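Worksheet for the structure shown next.
To keep things simple, chains are lettered A, B, C and D as they appear, and every chain counts its residues starting from 1.
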Amino acid sequence: MDLTPKSENYVELVQKAFDTQGFMKYLGVEIAELRPGYCELHLPFKPELDQHHGYFHGGVIGSLADVSGGFAGFSLLPEGQAMLTVEYKLNIIAPGAGDFLKGTGRVVKAGRTLTVTEIDVFGVRDGVETQCATAIQTLMAVSA
Amino acid sequence: MDLTPKSENYVELVQKAFDTQGFMKYLGVEIAELRPGYCELHLPFKPELDQHHGYFHGGVIGSLADVSGGFAGFSLLPEGQAMLTVEYKLNIIAPGAGDFLKGTGRVVKAGRTLTVTEIDVFGVRDGVETQCATAIQTLMAVSA
Amino acid sequence: MDLTPKSENYVELVQKAFDTQGFMKYLGVEIAELRPGYCELHLPFKPELDQHHGYFHGGVIGSLADVSGGFAGFSLLPEGQAMLTVEYKLNIIAPGAGDFLKGTGRVVKAGRTLTVTEIDVFGVRDGVETQCATAIQTLMAVSA
Amino acid sequence: MDLTPKSENYVELVQKAFDTQGFMKYLGVEIAELRPGYCELHLPFKPELDQHHGYFHGGVIGSLADVSGGFAGFSLLPEGQAMLTVEYKLNIIAPGAGDFLKGTGRVVKAGRTLTVTEIDVFGVRDGVETQCATAIQTLMAVSA
């Protein structure tokens, strides 16, 4: 699969799109790594993000998964396009526990219209990663 | 399908579980209606919940869907049990636009171990509902 | 949602597309009802379709679900287009037991590029229907 | 993750369960490789398995995916248990073209009750593999 970015400025374009999403700021998500077809996001724990046992809420895990995949796909777009989430499916395989959540999205199919990503989410405590979710996502490129 | 609640206090039990989730308070979600096997949640818009076009962020839509289904299932549990989300799959079919989001979850299969729900999410503006997402979710009952 | 078919000949177009699929004949699937945005398929039991307990195999249930949704979407296409399955997600909620399987697909979103369907599958024995699966599916229209 | 099989006879147990499924024989599926937590299945092309363009039908791809994951999970079960498919989600990312289909399932979470697998399906022509689908599946262990 060809993962050549269609814009030289893909890093700035992703960061710019990311910065316009109020919800990412509200959660506290940061871009930790970005390569063509790959995006890693970090989200530090705070009590506002928890569920009844003090772990990261499932909705937070799902949100991080969705955005990790979305920007993995976005990184391959030409300037002037944006990515919409068509759908995703997420399995939660362990509690989201740790100092921060790490979401990794990678493109497995980059089509003209549709892009498919695979996503893993990990809880990280003292440098030890425990996978808490896995997902598959479908994205659609649209004119921005 | 038998939707008789296994606890007389199912409304209080759901509300209590809901209130312990910091993330629901942080988003601003409220329980609008609860019946055995059915849960409707409302979430007023605020800029902290938006994406780049000023609509509700997909992660917010997904979170509301997940919790709408989760508490629909929770409403049928006996006292002393809780619901875990095993997985869900969400299609976003329109932008999440409106004064508030409305999430509706309903149980389609209530098994001894696993519960399956179907979920719809709507953007509501001036009383007009526009569906923005549909989902299927699998839940597992565990000892609380 | 507008469910006006874009071709007057949608019934013949669906039947023609259906008839070119060797796998439908091999399974023994028949179109039982077709309306714009809705397709109902029947599949009589035969031992070649079973799993270890003598019920319809999960793969058969999934195949019927996929095709029920696919032709529900196909019914709304203009002449000269075909439907591809982008993805689907299926929950099996009971064994597929009965004299025949009944799959029903209905369009919940008919977009220019993408169509979303919801699908239910039932086992039918002596006229009594028992739901065995529920699914959500994403389709893409392409030039035939 | 611990992938130690709980039965010394896991290969025979899987083969035995596989052989009781009439639908696998009807399709022509064979077990190509089995390790604890991993299963690879092959399915030679025949015209009865095609869709309108002469490729493997999506239902065939989905069936192979479902069973590849199912037996990956089954391989870790103690004697006397069987695996039920709770649900799966499948993205078709290319036509299923080739001399045979190859399905690979691997366990990513082996819980006491639930098992999660990731599955890839490839079309293989003249030794060249092209991925046609990716899936996530949830399984439940039950008494056989």
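Keep in mind that, in the parts below, contacts are C-beta pairs under 8 Å (C-beta built on N, C-alpha and C of every residue); 3 or more make two chains touch, one makes a residue touch a chain.
No experiment lies behind these values; they were computed from the predicted model shown.
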Degree value of the rotation bringing subunit A onto subunit B, based on Cα positions, nearest 5: 180
Centroid spacing, where centroids are CA-atom means, of subunit A and subunit B in whole angstrom: 22
Approximate Å spacing (C-alpha centroids) for the pair subunit A, subunit D: 28
Whole-Å gap separating subunit B and subunit D, where each centre is the average of the chain's CA atoms: 33
Numbers and ranges of subunit D residues touching at least 2 other chains: 86-87, 89, 91, 136, 138
Overall pattern in which the protein chains touch one another (line/ring/star/complete/other): complete
Footprint of subunit B on subunit C - complex, ascending: 89, 91, 93-94, 108-109, 111, 116, 118, 131, 134-136, 138
Touching residues (chain side subunit A, partner subunit C) in the complex: 86-87, 89, 113-114, 136, 138, 140
List of subunit B residues in touch with subunit A within their complex: 17, 20-27, 47-52, 57-60, 62-64, 66-67, 70, 82, 84-92
